[in-house]
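A, B, C and D label the chains in the order they appear, each numbered from 1.
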């Protein structure tokens, strides 16, 4: 077990190293120059511009050879320093991310967990209810195939603009300051609702379909038939089938996590919800190396951690992996 | 015709291949022209691995396989194709050899495209018919069907028929009849025997000792990747020396006599001894000793055409 | 009389029509009898086994009856059969290797199964341990997952599990075919041991390997194409079979000591018929070396000698 | 008979007239032929002496003229693909760019491209990413591109300094992106810079010379004016200014830091509408002004010295920090603000008197020391302070007394200095003096101490908003009688103009400086109010200029550049791309507020 996790950690660390390296490299290969963006419209004389350019290059640490920048990047990273944002100059990237993260967690965690729970329950239920299987399932297929953006815009338009029930931008009312008051919490929830629903619906469809197919497969598995042959009640057979069908769903969750996060990014952009996704868009549009880097770094870390948690959960719930990792049976 | 020279296969397992799992250890034997050699062993003994190495489906970790004097690992594109024209394999699970969305005959079409692209339709059909008949199938009943419409036995014979389409010299028959019914088993066995009399060499991989006896001249008993006993079939069967072979012989259900009251040591799940005699953990020979545990006994010739890897079972 | 089936007819429903997988099957099993059920694949062995315990679509009950210990089994009713399953009639399925839920500890699964049948696990535990001991399994196996077990161990565990409630009838469907010879022998002998200890009253052991039956069965029932061909004591079936099919079957088996070069065995010519539209009369007649005009009619399955049933006109005539 | 005679008379008269007409046409033809012959002959003799084509200096859309100029300069379509080739026969393949996603500009360059194509100039529209575009702009690797960085200014020098910035260096980062090199015009711009701002005649003269050269050489093409929009909803606040009425006259705008340009006056004039309730929010609705359109990005700093427009858009400049003078773009006048007065005592001495009684929000007094400190930052940190170049001609600043400063110049650039007077924002010395260079040029400036009408509300800030609280001790309440009405200003950054539109229609936002789609319709129906009651509903605030990269062929040829100027259908840009919400630019490029200096 320890060896398994030891090896896993090595895998995760190398993935992290590689992903972060790519994350570091990609913005640098984008055409354009962040310092020039920063210096745009400075009313200096031409001869002083080079001076300012050098000055700010030094401040951003871009005046040294690329390999040194890369090393400095790692050194800074271990000190928890992701650099300074160009777009939000002179704010620190970590500060920006730390402000955004609660919104992401607030939006993503309930959306993922609730959709996972509800979708799987519903899928399992639909698998043995003919009319549901025939009516709601196609809807599920539609939902999963729906682009986040499209669903978000549709919801914003129908419930936000036409019906006017929900606000369509921001995380809380413009007349409020963050505080522990009911008014604020209500406003927070009101603004959270539409982005949440648009994420929830798309995820929900995916899990429901996956579960429906998995459970049909499990109900046809040998162990189900054996239980039935021994006259076990249906409830037990279904309980086992559900338990086993949820395992590939958990793997699915691990695999999908990146996609899930990407979906949240799009949704955040649509609803101007101030999470990481919102900042990524801003950062890319303004070629903010450091902010892009920081946001993706955060996503990488989150996805890796989530995967690791899922790995652990999987090991706990599925004995097969647990044995596989001690080098089990022939 | 085919010579295995100290071949080994080591699988690496684990995420970074940190763990090495020897599947076949230093196995050497050869098969002459028109010879049938039975490779007998339990599941996990490495017998299928040897078959796959001969067919170059997996690489050899060490050692060499020589076919007609040439190391088969040197075969490239064209030479490999002509190798496959002469050496073919048929496997235990017939279902996995078929693609369920294509008709079963597809496996013939592939052979035709690969090896007989110029043959006329009529001639080809006759060839297919005769090889189907050779394996005891009625062409009208089995052609133009999807795999699910055929029984396991039919699919298995289909595969043999496919091998027969080629002018093969060597057949690796890996448990090909374990899924067949008793009544048709013997037909397939007879078919193999017939092919052998026409000069075909066969490596007959099986766990069923009676089948091995029926058609082969030479028997090789494999245990955990190592040969524990080998030689002339009659000698190995009638004068089994290795405790493992003896135990196997006693366990075979026979129609001519009932099981003896032999205590069967159930196969061990975890193998503790990895450097000594492969059979050490299960061995019930009273005088097994530290030497058995400490080093692997070599194959020793006990009589003409009979070798045993056990120092305690030499002929008295 | 432990088991009595009368004129049992069970068909498979397919898109192309009914497959007459089990046609007019009548036989008895005595208390304490281990009956071997032999025949080629597709002869109806597994259909027979499933009909007695777990008759589900696409299988379709047509008519006939099955009595166990004098009580009729409602085999056509999936739900009411539940009271009989496991307690009265139990099965070790063909897929015993995969019969246990891979994600449950074996003990836990056993407990849940028993509890679902309203049986106290605690009270049964002592017996369970004893049984495990009987099949040479340590009782810490209950804390393991199926994947931790070898094939033979799984087979034995399912044997224990399926017989835990001392069923009157145990159906063991091809349980030894996937095992190595040594394990095969052990498991087969355990079946006998279970009968000897009266854990199960009687048994149907299905296999295509007659030599195993010769080792353990008291009687052997040979089926051909959905019909019964011959039933007799094991010795009789092996050494003096009457039905031409049985004879051919036995003579086609390779035995240790028989070599192709010395004695060429022969198989049975032809193929088993498709059961959508089975041949009229004796279903074996097309392959039978001794068939004659009478075979156009269906031969009855009759007792020719005491305990020896055959469905063959030739034998009828000979004994007439 | 009589009738017949009359008919004959009529017919003969027709004949006579038509004959005369023919004669005249024939004469014209003869003349043309002769001219062509002459041209041919002269070309044989000496090319430069070809009869000059009469090209008007004040260009406008005229495809015929474009064609004539092209033909005259030897750009002809030799291969019949409808596009002209260079005189040496080589193909012309040019691109015109703007950043991807700037939808109005994307439409504009597509008009530019298509109208150029019609005149035979192969100019293809391309939309690279912002970063790539910006880099190409600064390092001069573009062909032709749009730019509008010159802002509202009291002098024409600001625009011409942008257009003809010199010397040419590797990174042209705030002007003359086309790298047009002409010592004569460089000298003129320098001369203009050194002209006193009240020397209108002198400025007019220099501007005239610059414009003549510019329109003859056409190194860049002024196309249209972008605007400052200001729309409001008066359900909570009333008494908004309007151009249609006499008073009060001030532009209700916050955009890009133009609080100083009229926004503050507007705030002071606002009156709360009776009967509006405070509501449940943190900010009482009836005391709060909600506004949008000042900026797009999120709030990031309160530092007036950071490069770019960051501080402007946050309100840091204008609400928090103040300048010596204010500039009113409606009247093109500079009025003293922190300064009580300021004047040139001689050609190289400028004396400023600071108002008495101005207090920083921490209670300290704002005096001449703070002003001196702020200006001298440019001298101390020449690398990071944008106005450092002023010290090239500023020798020293002397304190005359606590409230009076004397600027001693060597060779003053009056125009630039006058710009700086309302663009440099005074910071408290007692806070900033202890800061390092990096803290000043790259610091956030948390908990800012300013002198302005509002204080920053740290608790209210969010990624999409910034909140300001009224400074009740603001000096201008007494000194200028400017008592700003809203207690709070919530400055919102909407993700799109449509959201801004929805919010102003609902009355959630009081003031919007966003470009509102369909504003004409909205104003006509009374859904929103606009300072300008008719199209283009904006104050022309900067000039969109098409820069041509004069270092590459064929745009190194003035004739080709002029032809392009006549080929662009500016009318379509205004009407089609902008739906009449912008105005076509004057050929001089100068904003309407500077029309005094406009010669063409």
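Criterion: a residue touches a chain if its C-beta (ideal position, glycine included) is under 8 Å from a C-beta of that chain, and two chains touch if they have at least 3 such contacts.
Since we're looking at a predicted model, the values are computed, not measured.
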Chain nearest the global centroid, as defined over all protein CA atoms shown: A
Most distant chain from subunit A by Cα centroid: C
Selected pair, greater C-beta contact count between B-C and A-C: B-C
Inter-centroid spacing, subunit D versus subunit C (mean Cα positions, whole Å): 95
Geometric centre distance via CA averages, subunit C-subunit A, whole Å: 55
Length of the line joining the C-alpha centres of subunit B and subunit C, rounded to whole Å: 30
Whole-Å gap between the CA centroids of subunit A and subunit D: 42
In subunit D, residues with contacts to at least two other chains: none
Where subunit C touches two or more other chains at once, by residue number: 149-150
Residue list for subunit B, restricted to those that touch at least two other chains: 43, 269
Subunit D-touching residues of subunit A, taken from the complex the two chains share: 30-34, 36-56, 59, 84-85, 87-91, 99-100, 161, 168-179, 183-184, 269, 272, 274, 278, 282, 285-287
Complex contacts: residues of subunit C adjacent to subunit A: 50, 53-54, 56, 81-87, 90-91, 93, 95, 98-105, 112-113, 116-117, 145, 147-150, 158, 162
Footprint of subunit B on subunit C - complex, ascending: 40-42, 136, 149-153, 177, 180-186, 188-189, 208-212, 214-215, 238, 248-250, 252-261, 264-268, 271
Touching residues (chain side subunit B, partner subunit C) in the complex: 42-43, 136, 138, 141, 151-153, 178, 181-187, 189-190, 193, 207-211, 213-215, 233, 237, 247-256, 258-259, 264-267, 269
In the complex, subunit A residues that touch subunit C: 221-223, 225-233, 235-236, 240, 243-244, 247, 317-320, 322-323, 328-330
